[in-house]
Amino acid sequence: MKKFPTEQLKCWNEAKNLRKSYYENYLNAHEKGGVRWAGGAWSFSSIPAGLGEDVYSLTGEPYGATIAFFKDFTAKCHEATEAAGFPRTLCAYMRNYWGSILLDKYILADGKVIDEHPAPDFIWQDHICCSHGKWYQVARWLEEKKGKKVPMYCVDVSVGYPMDKPLEEYKINYIFQQLNDGVEWLEKVTGREYDDKLLCEAVWNEINATRLWADICTLNQAVPAPLDEKSMYSLYVMGTLMKHRPECVAFYEKLKAEVEDRVRRGIAAVANERFRVITDTQPPWGFLRIFREMEKYGVVSLGSLYTYGLIGMWKYRPDGTWATKDLPPRKPQTREEALRMIVEWTVDRPEWAHFYLPEAKTKMILSIVKQWKVDAVLLHYNRGCEGLSVHIAENRHGLVEAGVPVFPFEGNMGDEREFDLPGTLARLTTFFESMGLKKLRE
Amino acid sequence: MITAGVDIGAKYAKIVLLEDAKNILANANGIVGFDILKSATEVFQKALDNTSLKRDQIVHVVATGMGRKAIHMKPPINAGEIVPEVIADAKGAYHLIPTVKTVIDVGAEEGRGVKVGENGKVRDFVINERCAAGAGTFMETMARALEVGVEDMGPLALKSTKAIPMNAQCCVFAESEVVTLIHSKTSKEDISKAIHDAMAGRIASMVLRVGVEKDVALIGGVARNPGFLPPLKKELNTEILVPEHPQYVGALGAALLALEMEAK
Amino acid sequence: MSEKSREFWRWREYRYTMPDMDWHDTKVVTAGVDIGSVGSKAVVMLDGELYSFAAMRTGGESEETAIKVMNWALEETELKTENVPYVVGTGYGRVNVPFAKRTITEIACHARGAHYIYGPTVRTVLDIGGQDCKAIRCDEKGKVMSFLMNDKCAAGTGRGLEVFADLIRVPIEELGKTSLDVEDEPPPVSNTCVIFAKAESLALLRQGLSREKVAAAYHLAMVNRIIDLLTRVGIEKDFVVTGGVAKNTGIVSRLERNLGIKPLEPKLDPILAGAMGAALFAKALYEKEIGLR
Amino acid sequence: MVEEIFQKFRDWIDNRHEYAKEWKEKTNRKIIGYFCTYVPEEILYAADILPVRILGSHEPPTVTEPYIFAMFCHLCRDSLAQGLKGKFDYLDGIVEGQSCLHLRQTFNAWRLHIPVDYAYYIYVPHSVQTPHATPYLTQELAKFKHSLEEWIGRKVTDSDLDRGIRTMNRNRELMRKIYEYRKLDNPKITGLEAMEMVLSSQMVDKEEHSKLVEQLLRELPNRKLNRNPGTRLMIIGSEDDDRIFMQNVENLGATFVIDEHCTGSRYLWNNVSPSEDRLGAIAERYVDRVPCPSKDWPEFTRVKHAVNLAQEFKAQGALVIQNKFCDPHGIEIPPLKEALKSIGVPIYPLEFDVTVPWGQFRTRVEAFLETLTGLEDLF
């Protein structure tokens, strides 16, 4: 059996540290006179950047995932939200997040739990999934019960997806106008003066960071794959936390160079690579072990439309292949230009396509299957996230029709009560065996 | 060449002794007790006794089913290989019905749907997750609530033409719904039909995930229940074939795989 | 019965009449009949004092069961059902008590019964019966303020315990004690589904875990689910447990340990709480009917 | 006569598909199915198309597994099941007005797997609390109108739109007047009857329906309902067409005096204020109407509306119907509970699925009613 050389990622620790200080910076923002805000990982984070260099955010989904990673704390969060009367079928990240407020505790990236949940100075969110706006509306309601008034602004982006032709101007305009009002709103609620130059910087950073991530994902087309999905989870997260910040751009530049080097030298993520899969939607965070189990069969997961397309920005080339989206002709110079640019950049985020058109997502997954030389797709029917699970059965359908082997499994990215590890592993290994694979070692 | 297939399910162990992919020399089954290896050995011995064969005349044994690991490389059976149920199911069903494209296997605790490809290979499959409400145990629990034997459930159901929906999704609550139905003086025939309908609905919705392509075969212990077939046909809107000894199909598949492995 | 075919889930049925009470010199005789999904209970009261009772398993026909359990409760009393002027039916089969003048839900009856058994300080009543589990908050008068019931999944109910008792071959009455016979608590079984939990327990037994350990793992999982329900309704002292499962020490003492709140000790058989509550309602309603209040 | 009218509503619901087929035969016009009450029926009426609402049938939907993962609400699964089973085979097209993801999924599955001639998704804004929503929706509606015109092959004129607006306004207004009779100490209609009136209005030609409601309005004052109203209940939730549940609860000694459902009051509460800019006026109505919780942020305006309704209609308690897996409504239960509690109206939530286990629910509902009446304060 052929074995590829492997190596630890060199920038691994830097990734860890960046993530660690992100949560600390938010916590300690006030000590240095800074501002802190909360919102989703998809919110237009470059807009609040115009308030100054000392503005720190806490994005809800990665925070919810961090909670999910520490099972004792998650259990307490769920208990608290259920005690408050919320149904347990709701978005698991959202329930984790509310639980943290209800318990009045804050968890850091390393699992350290701190007393008192640091309330944001304002909420800056956008809305595409049923839960986005409601998530923070309730967060705000919960804060208010604790005596903290948190103003909230939420931008509606659910105007459709530009599949074959660009969105109509009035749709872009609707989002643009909301952002434009949002700038004034930010000034009002923080009492700060808004700096358009910082905005332009942030928008440009975001565009670069999201292109870089697509470049990095593209490198995984190599055989053997230089990265596996489990590691990518720790790397793409930078984009969900601070896609608009210079640190993010710098880190992705470094990472890209390292991965290019790995490809040149034939360094593999999984030494036994002989079967390549991709997944879909967030994994059950408390059970990343499944990836280790997969390796025992020589299976490497190269990523997913989720890890590639949530942060990475892509386009179709005329020949039908999928590639990094083109850089706009020049850096924005004015507020208007910056806002329009970021709206136009964002509306075709791949991870938004499936909300509207199942065909669009199937097409993207098929592109990945082809270009990344994928043997099978593991679809996580994720009970914790209706947003990413919407239309997933249609995607399965589309893939099967295209002749791609698919393994669907049920779980929940943030509520371990809904994930059956032994059962899933048993079915997963059955799947691998039905694909003619055998376990390599115990 | 004689091979054997052993299918150790959640409830029953089934054994098929096979000669050259043609002759089934013997089959036997028995309850899986606390000690899996012991139960399996007993059933295995029963099969041997039916033929006057000895263990060492059997060239290769392949095991499948939930308890397959317990006899993997363990004497006296010494199963040389273990395979998941869906692979054995597909193989066995394909052997009996070469035109089969979809196999539905309903056992004591698991229901499975398998799409069969060329030469009896698995193309796609689905197994029920989390809730036992769509398998044989469900029927057994309901039989107990009705105070009838599980073999009587099917014949009872066939006598009824009423459609009473069962609301509860859970085995145990369904039991209480059955109790409520008894309280409201619904006949055992109608209740039994309602139970079969509910179970067929659950199995159908699971199988539909992989899609139904003709020919369709129903195997596993529950296939012996004559009351289960009509509602399943109706739900899936298709003809369904049931081989003669549906409970042994997995074991037969294992024996066939044993032969293939030897041939290589 | 041979050991092999013994049904470990069958709990003992019983009846009792207070020896030193006489119905001839009472004003009001009332009864409460609680037809649960698993257990049927009848309680006869003389002027609001517990006089006679019976508890048996619910059969296939609940009307028949209601008649049977009532007759049994009256067996040594020379009373006939016709001599009891007001009977309240409660429980899952409450509409099937043919001689009941009125039905009241088991929620109100358990709160009322708990108030009777434990006194006016009771604020949280947890009723764990055969097929559901109810957390009830009540006031000093025994009036229900709010309540929650578990749903959909039968994990965490008496019936689940019965299935389990059969599996590990320990009589249901001793199951709780067996589960406490461990040095340290194993992790709970992970499947909440009764059927799969059974399979999981079997796998644990096959791995060589002792019966006690497996019982502990099962009880713990059940207690965790009950605590989920309790936290949702909000738990306040005094806290009491009623219903048949209140007699399972493995459940009750784990509740105490994991909640940090000790349930009050019952003075009367907690499986009767619902029927007692019904008999008390019967008394009040009867007195109102005949103009006594 | 009144009873006959209610019977007619009932018949319309029970025979909705036959009605639609006959209507089509008779008029030779098109029928469009819609999923959510955010579809502006005004425009469809203007185009001489009959809009009918697609709802489920409360049979366990096994046929949807291949298309919708089972963690989505039963309405969306059950609706699709009806389509897959061919119950709506008379539809010429389907239209959805954006609300929740659940129904969007149904729309897309329908578009992909059930033959229809026309499928259109209107991106109704979610941010109905911003001033930009109305102008945006106006343009979105213009695009929809244009697409309809291409499909039917004729222009929809201003006077067509006026007619559409009139038809819808009149029907809503009439039904609102009927609702007034639910405020009485002894309401003149039961909750079930009110539900059947509104449900049927979503299934038949509004002109025909309005005629009947008008007649009902004339005769209702003389109606004497021979029943004790018992406890005055409110029912709150998303879509709810479970008539058996309504009936069962009302048989336990209670009357639903008001609802907050999109198959009830939420559907008919607001009218279009006619103006020169017809599409603008329609857009305004859909932006300003009592919102679906999926669009109701950052302020909880629907919760406030529910509180007003409870007060106006003197509800003693409220049952909250939570369709399992429905996120928008589920999220609002605690704030709703708090707000209603503050005016002395306790709530009890019940989780609904395709079918309702009445056995289990009965105990809960009865016990809830017992807590409201205090069991005549016997102790």
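For clarity, chains are labelled A, B, C and D in written order, and residue numbers in each chain start from 1.
The rule is short, and it goes like this: a contact is a pair of C-beta atoms (placed from the backbone, for glycine too) under 8 Å apart; a residue touches a chain by one contact, two chains touch by 3 or more.
Everything quoted here is computed from the prediction, not taken from an experiment.
Shared contacts of subunit A and subunit B, meaning chains that touch the two of them, come down to C, D.
Interface comparison, C-D versus A-C: the pair with the greater number of contacting C-beta pairs is C-D. Each chain gets one centre point, the mean of its Cα atoms, and the points for subunit B and subunit D are 45 Å apart.
As a whole-number value, the distance joining the C-alpha centres of subunit A and subunit C reads 49 Å.
Rounded to whole angstrom, the centroid-to-centroid distance between subunit B and subunit C, based on C-alpha atoms, equals 38 Å. Within subunit B, residues 130, 168-169, 173, 176, 180, 209, 211 each touch two or more of the remaining chains.
Those residues of subunit C in touch with two or more other chains are numbered 92.
Taken residue by residue, subunit D touches two or more other chains at 65-66, 351, 359-360, whereas all remaining positions touch fewer. By the touch criterion given at the top, residues 92, 104-108, 112, 132, 141-147, 149, 151, 281, 284-285, 288 of subunit C touch subunit D in their complex. By the touch rule above, subunit B contacts subunit A in their complex via residues 83-87, 121-122, 124-127, 129-130, 209, 211.
Partner subunit B is touched in their complex by these residues of subunit C: 37, 58, 60-63, 92-93, 96, 131, 152-154, 157, 159-160, 163, 193-196, 199, 202, 205-206. Those residues of subunit C whose C-beta lies close enough to touch subunit A in the complex are 190-192, 228, 231-232, 234.
Per the touch definition, subunit D reaches subunit A in the complex via residues 65-69, 71-72, 98, 100-102, 104-105, 108-109, 112, 121, 123, 125-127, 130, 132-133, 136, 139-140, 143, 293-294, 297-298, 300, 322, 324-325, 327-328, 330-335, 337, 349, 351.
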